[in-house]
Amino acid sequence: MHNSFGHLFRITTFGESHGSQIGVIIDGCPAGLRINEHFIQLELNRRRPGQSKITSSRKETDEFEIVSGVFDGKTTGMPIAILIANKDVKSKDYSHLSNSFRPSHADYTYATKFGIRDYRGGGRSSARETALWVAAGAIAKLLLKKTRIDIRAYVSSVGDIQAPHYSGLNLKKTESNLVRCPDEAAAQKMQTKIEAVRKSGDTLGGTITCVVKNTPAGLGEPVFNKLHAALGGAMLSINAVKGFEFGSGFSGASMKGTEHNDIFLNEKGKIKTKTNFSGGIQGGISNGEDIYFKVAFKPVATVMQTQQSINEKKQKIKLKAKGRHDPCVVPRAVPIVEALAALVIADFYLINQTRKFSG
Amino acid sequence: MHNSFGHLFRITTFGESHGSQIGVIIDGCPAGLRINEHFIQLELNRRRPGQSKITSSRKETDEFEIVSGVFDGKTTGMPIAILIANKDVKSKDYSHLSNSFRPSHADYTYATKFGIRDYRGGGRSSARETALWVAAGAIAKLLLKKTRIDIRAYVSSVGDIQAPHYSGLNLKKTESNLVRCPDEAAAQKMQTKIEAVRKSGDTLGGTITCVVKNTPAGLGEPVFNKLHAALGGAMLSINAVKGFEFGSGFSGASMKGTEHNDIFLNEKGKIKTKTNFSGGIQGGISNGEDIYFKVAFKPVATVMQTQQSINEKKQKIKLKAKGRHDPCVVPRAVPIVEALAALVIADFYLINQTRKFSG
Amino acid sequence: MHNSFGHLFRITTFGESHGSQIGVIIDGCPAGLRINEHFIQLELNRRRPGQSKITSSRKETDEFEIVSGVFDGKTTGMPIAILIANKDVKSKDYSHLSNSFRPSHADYTYATKFGIRDYRGGGRSSARETALWVAAGAIAKLLLKKTRIDIRAYVSSVGDIQAPHYSGLNLKKTESNLVRCPDEAAAQKMQTKIEAVRKSGDTLGGTITCVVKNTPAGLGEPVFNKLHAALGGAMLSINAVKGFEFGSGFSGASMKGTEHNDIFLNEKGKIKTKTNFSGGIQGGISNGEDIYFKVAFKPVATVMQTQQSINEKKQKIKLKAKGRHDPCVVPRAVPIVEALAALVIADFYLINQTRKFSG
Amino acid sequence: MHNSFGHLFRITTFGESHGSQIGVIIDGCPAGLRINEHFIQLELNRRRPGQSKITSSRKETDEFEIVSGVFDGKTTGMPIAILIANKDVKSKDYSHLSNSFRPSHADYTYATKFGIRDYRGGGRSSARETALWVAAGAIAKLLLKKTRIDIRAYVSSVGDIQAPHYSGLNLKKTESNLVRCPDEAAAQKMQTKIEAVRKSGDTLGGTITCVVKNTPAGLGEPVFNKLHAALGGAMLSINAVKGFEFGSGFSGASMKGTEHNDIFLNEKGKIKTKTNFSGGIQGGISNGEDIYFKVAFKPVATVMQTQQSINEKKQKIKLKAKGRHDPCVVPRAVPIVEALAALVIADFYLINQTRKFSG
């Protein structure tokens, strides 16, 4: 259960940062869906390291191979397996860490829990894993496209630089800059800040906002599979994520009911709400309005400065990172957030096909 | 899958707000645990309506009955079923709502998804369900007590009134006032505010912070069952919750890596961290430090003022609530947050017993 | 996971033989299904003890109460909880067994596994549980009726008395005698045999055959959720079952391929097979032919003769049963077999709605 | 859910007969288990085609690669992925079948269910999949070896030639002949029979018996995860299997209770049973006696004779197999039966570690 996600559209993954390859099995994708491999690659390219001067310089082309579940360009209903080779592996950058616990990494907890760990490149705790989520999420997106559901995430803050609310943004511009913020002015400041921080050997946190349009009313379940709970659980699975909010989020906690309630309207025969503090989800179920949520990322733990720590023998040590790392993870995390959202929504889309009797 | 939660310590629930009774089955509780029924009742009393002048006046004593899985005062390894009767049901307060969609409730989404809904008292969308979580969580707490794990939640804000950081609070004082805020000065202001808002027929949001002490290092899984992701998914299942953050949370997004990293220390032979921005969880796995997280609740949607809405025929209507409702939900949600935390941690505690080879 | 069965049409049960009540939660039943409570009671009546002179004399009317998930006579998509009281409980019949291990019962294994057991009436190992399966199965049958799927089981042997192959039987006659064998001549011999065995204080085994007609082609999954594997796993969950076979079954193991292959035909535009050794399932998936399978039941372990055994202190003892027991379990197990078959097929029916892309 | 098996020791598989490779992810194997790759290869060699003159001549060496989850020769607690290349693929042998439905194969049901199928070599319906089960089962066996649990299957019949009861056999001799029957006389007759049937272009069914020794009492769950139900569900997942029985099995159905009951004895301080009609499992839970069960395999559907059938347009056709096929599948299925048994028992072994309170 530890490495699977989803119910009816379900992924199971494997692989470590410096193993020969990583892979994902997608179980439950309906048969007959046309697979556009070019689209999958484009999605992977948005996440891959080495894509720009503000990301890690590890060179992974992230070419993938679909080795089952697709025949004549269409899904067959069988499990879809996607493999991605690890090409630019420099494990010797990590050999000095084999007995050390890097601050705010998973080294200590893995060693304690399992009694053994693959320290090379962080092993399975590496965000290398997220390439698989993006590949699987691309297939979920292909499924959702047929239903017109549209998922777009963007960088809404880097450090203390904030982008405006999504309603004032053109989300099609997200890919127009390296930071993936559709507001050009904010994007420029963010990029400058990231470059400065990198130069100082430090790192920065940030937030990503995601907007899902055209979701039909009815996705999500009343009690334990609430749509936002599934989205939150998914986002909190991404490395470095510290928080999740949807709709009014934390700011809703200081509002009054009369301000916060979203009044229902009949807009040309269609049920709409006047405001959308609910974030498109009521009682755990989509209501047809925009779904939107925000995800907080802490600064990357690997800094290029000497830090104090301890080793497995509990002795004091000094650590200095080698390896190749991102000064700020949010630009590359945009497609990851979208991918997980797509996986969740595809799953609930399938579940929902079984919830009303049509006999 | 829709009404179950957890893996090895797993609950499945049923019941609507105005049905004859509600119930929970706990599957997987280890055999041989002594059950203290008095403790379960005390926990239920903390959640029940009618407990004070700042809560709903619905009179439910929430007496429960354990009808299976316990023999001679101990768990037998069989499913534990707990039933709670609904006693103070006033369904006619809701009959005028049978065709109407209350703003920011689940009425519209349930009707759309299922084509039918039990409108009495909100049916299954009611927070009545959470009594079951508290009962099941009490059993999880009994299990965890044996391991010294200690879970304490409290109200950390009501509207814009904030309590100080948990490190400066005596969490044993949480039950000393009606609001369940261990800081007396803040508690007093919160209570005054809630009373004022109730008088005006309005409602208020707030936040709850939860602190888990004495968790051993090793709970949680590396990729999809990260401890914080499970906690977040659980908290987002509570009615009215809009956000979740742990450790540094959203504030961590504007920090630098060198500030945020928690330096490891050898403190008298024990591994500790100097700071705890990680919130006691690294790489998804507990590291032995305090686990702490915050949950945001929107204001209750049922306000005692006339609101505009529409009915099932999409006609404009005016709505005015009858029924009995809380002006601010957070005081009663404190034991709910604790209960879900206990369920998650008990589950991971059992899972962890299977993760290292001891042959 | 221990007390749940099924995926999308999923039941979770609780209760012991001599507790105050037993219950089942059905999670995932689609909304909008009309519930015929009279039909559910009729199904329960077929299973209940005390129904005839060849069954246990325990008097349980098995009146049930649906306490959630049904509103205005229809399912709401919420969990359906059904409770059944235990009325005719004579726990003192079992007090002498509290420290003893009855031969071929679950006493020893429960005590060893859990370190504690509810010995009254066999606790949770009692077939009392199966009343819940019949109630839940009745709801599955109501769902399947809408699709014309028809499930009929009957007693195909008692001891060494065999009924003819199902193709020569009128399965509507199954309820016309106490044994539930549609062949009157065989039924008569079976009844005589059961009465003789009861008189001698002994018990008898037997087999049940189940035939499912009008299943559409397409139910079942290719690898691990093969339809027959799910049916087999279900049937092997029934108390006293020792074997399962479908189609040609064990006799197929001594056939040649040219004899065993079911030749496809175009019969008036419909694809049919000439023979049906496949038992209606090929590659784990229904092909539209009759599904049929056979289930073997051992003789009831509780005999009315003195037997040797040991107690918890491993001392030799003599045991003589009190309590009320069936001399042969198969007549009452017919509705149980049907119920589990209905649960499996309803589950696969829902799953199948998500397996082909219709975008 | 369709391509996963098990709960805590859980496998998820992918791959088609003629794809580039097949693979399995093992999730939940405890950390710290030493992996003997040579042993895994030996197990695969027992299953691979081309191993002898009585098996398919497809040449697959079934060399495998472990690409994650093992570090320094030990499991790390991360998912273990094993890949096996398909080398001797002759897809053109199948091109004439692309629109045809072979009798008693999965062609028709796959086409109907999914609307598309990979016809090359049977696609995912091929027993090629079972190589993955054997590889994963080998790891389960390595885990179980540490607990002294010992699993041995053998061919107990081919057509109408039967081997004696297992209690009279030396199961270490199973590998001493091509048929994998430890009784030399029976093995000789079986081999002669298989060769004759192959010559005539026909095929034969058979049975496999499996014996598990040294299982501790306590594995299995009371109601829905009964140990024998899990074993039966597993065995019925193997291609061509038509029946499963354990202990007395179908013959138990014609016995009396006084004959069938297994009397408990104190044998030098250890609890034993005089007979073992229970097959080592009582109330769904192992009792420490030998677990034994029998699995029935139908004759292979691919015969080397011309057969009538229909195509996708429902037109009558004549079919003659090309490809390379087994005349009798049971000799190669012996390691498959063992592997699935090992997977089930390893899973229950882990589950059992969480069922008794030890606080």
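Per-chain residue numbering starts at 1, and chain names A, B, C and D are given in the order in which the chains are listed.
Note that in this section a contact is a pair of C-beta atoms (placed from the backbone, for glycine too) under 8 Å apart; a residue touches a chain by one contact, two chains touch by 3 or more.
Because the structure is a prediction, the values reported are computed rather than measured.
Ranking C-D and B-C by contacting C-beta pairs places C-D first. Subunit B and subunit C have Cα centroids separated by 39 Å. Mean C-alpha positions place subunit A and subunit C at a centre distance of 46 Å.
Distance between subunit C and subunit D, defined via averaged C-alpha coordinates, is recorded as 26 Å.
Taken residue by residue, subunit B touches two or more other chains at 1-4, 7-8, 13, 28, 31-32, 75, 77-78, 113-115, 124, 222, 355-356, whereas all remaining positions touch fewer. If the chains shown are joined wherever they touch, the resulting network links each chain directly to all the rest. Residues 1-5, 7, 13, 101, 103-106, 108-110, 112-115, 124-125, 129, 157, 159-160, 197, 202-207, 217-218, 220-226, 228-230, 232-234, 236-237, 242-250, 252-266, 269, 271, 273, 277-279, 282-287, 296-303, 305, 307-310, 314-316, 352, 355-356 of subunit D touch subunit C in their complex.
Here subunit B touches subunit C in the complex through residues 1-4, 7-8, 10, 12-16, 19-23, 25, 27-28, 31-32, 65, 67-69, 71-72, 74-81, 113-118, 123-124, going by the rule given at the top. By the touch criterion stated above, subunit A contacts subunit C in their complex at residues 8, 28, 30-33, 75, 77-78, 143, 146-147, 222, 350-351, 353-359.
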